[in-house]
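Okay, handing you the structure first.
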Amino acid sequence: MTTNLVPNDSLLTDTPEQGRALAIKLARLIIKATQPDEATRVRLREQYANDAVMLIQIAQVVATEFATIAAANGYWNRKPT
Amino acid sequence: MTTNLVPNDSLLTDTPEQGRALAIKLARLIIKATQPDEATRVRLREQYANDAVMLIQIAQVVATEFATIAAANGYWNRKPT
Amino acid sequence: MTTNLVPNDSLLTDTPEQGRALAIKLARLIIKATQPDEATRVRLREQYANDAVMLIQIAQVVATEFATIAAANGYWNRKPT
Amino acid sequence: MTTNLVPNDSLLTDTPEQGRALAIKLARLIIKATQPDEATRVRLREQYANDAVMLIQIAQVVATEFATIAAANGYWNRKPT
Amino acid sequence: MTTNLVPNDSLLTDTPEQGRALAIKLARLIIKATQPDEATRVRLREQYANDAVMLIQIAQVVATEFATIAAANGYWNRKPT
Amino acid sequence: MTTNLVPNDSLLTDTPEQGRALAIKLARLIIKATQPDEATRVRLREQYANDAVMLIQIAQVVATEFATIAAANGYWNRKPT
């Protein structure tokens, strides 16, 4: 099956580093689903990569996606509560 | 019963990919409930699909909806904590 | 007792569909509590129903309210983790 | 002891209705702590009660506060998961 | 050890009131870490204390910090679920 | 293995203070991944360190990242619920 929204159709990763990369990817794939035109996305990416407010907002999205991924992965070895 | 806000009236999906698609759908159905006029929504969609800030904000909404859906689905096989 | 902020004074609903409707209602009742004047609210509603940014922000609020409602309802039958 | 940030120094309420009222109160008390001048707050309140964007942002804050209060209160009788 | 980001290097407080105060403090210390210059911070604080939008955004940050602090403190006696 | 998104590829820290520092670092590394050019980032950092709105938004991102880190670390000794 082709997946367009979740690579490998799984939230599980081996490490936090890979979890962060997945969080970035999930955010990008939502933007791709909302704006399928590649040329438009390239133009918009140029905008937000050079705008402080938008960079911070992207960081907010990634933080939110990562919270879910981290929970799915048992925080890659959580300390006992 | 007709459902206008949750397809199949369930948060459960078979896969993360389907969970992401549901998250997008849930967000769209709230916008539809708030702005029922189809022509207006088409016009507004044209706006936000071409605006970097709005695309990022949509990604934020989807990330929030997905967190709930992922929790409902036991993260589609969560690693042990 | 009159309730102005939570219909039936309960977060429990029979279905996810009803949970989404409650999330919308909770958000509206906060706006009503903050701006009690009906005529003003009607005017503002006209604004945000026709503004893409505001529609997305409303979707964000509803997503946040729904996360709480879904948790309260055990996600209407959560899959085992 | 005087409390300026949490009425009765407790997150527990008897009902969801009271929990929503507490969420509104908690948000207001943070604004009061940040801007102690009553006259300034009255002026700003006039602004945000008549601005659609700000009303939605206030709803977002209340939704976030309420999530914590609801968790503290066991969701006022949560359904079994 | 000197701590610049968390007073007493702990999230635990005796009461919700103290938990709110800690949430405000945590937010301020992040702003201090990002903008170390005292004079600049004083100037910016003057701005946001007199701007309705920014006051609401500060309330949002505090609500988010408080959610974590409340969880760390077992909600200062949570009701049974 | 080189890690570009998570220092030491772990969410675990010894103390809350270190957890806050990690939260700041995680946010910065996402911005770096989105805008790899050092000179551009320095220019943008100058902007947001002197803008009240952006400072508050950064605090919001850090609060969100910290919530995940705190959960991963069992809140550095959570009180019993």
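We just call them A, B, C, D, E and F in the order they show up, numbering each chain from 1.
The rule we apply is simple: a contact is a pair of C-beta atoms (placed from the backbone, for glycine too) under 8 Å apart; a residue touches a chain by one contact, two chains touch by 3 or more.
As the structure is a prediction and not an experimental result, all values here were calculated from the model.
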Chains shared as neighbours by chain D and chain F?
E
Kindly list the shared contact partners of chain A and chain C, in label order.
B
Between copies chain A and chain B, what's the superposition rotation on C-alpha atoms, in steps of 5 degrees?
60
Could you tell me which chain lies farthest from chain C when each chain's centre is the average position of its Cα atoms?
F
What chain is the most remote from chain E, judged by the mean position of CA atoms in each chain?
B
Give a one-word verdict, same or different, on whether chain D and chain E use largely identical residue numbers at their interface, taking over half shared as same.
different
Centre distance in Å when chain A and chain E are each reduced to the mean of their C-alpha atoms
27
As a quick test, compute the distance in whole Å between the mean CA positions of chain A and chain D.
31
Whole-Å gap separating chain C and chain D, where each centre is the average of the chain's CA atoms
15
Quick check on chain C: which residues sit in contact with 2+ other chains?
48, 51, 53, 57-58, 60, 64, 67, 71, 75, 78
Which of line, ring, star, complete or other matches the graph of chains that touch?
ring
For chain D, which residues count as touching chain E in their complex?
1, 3-6, 9-12, 26-27, 29-31, 33-35, 40, 44-45, 47-48, 51, 53-54, 57-58, 60-61, 64-65, 67-68, 71-75, 78
In their complex, what parts of chain B are in touch with chain A?
15-17, 19-21, 24, 48-53, 55-60, 62-64, 66-67, 70-71, 75-81
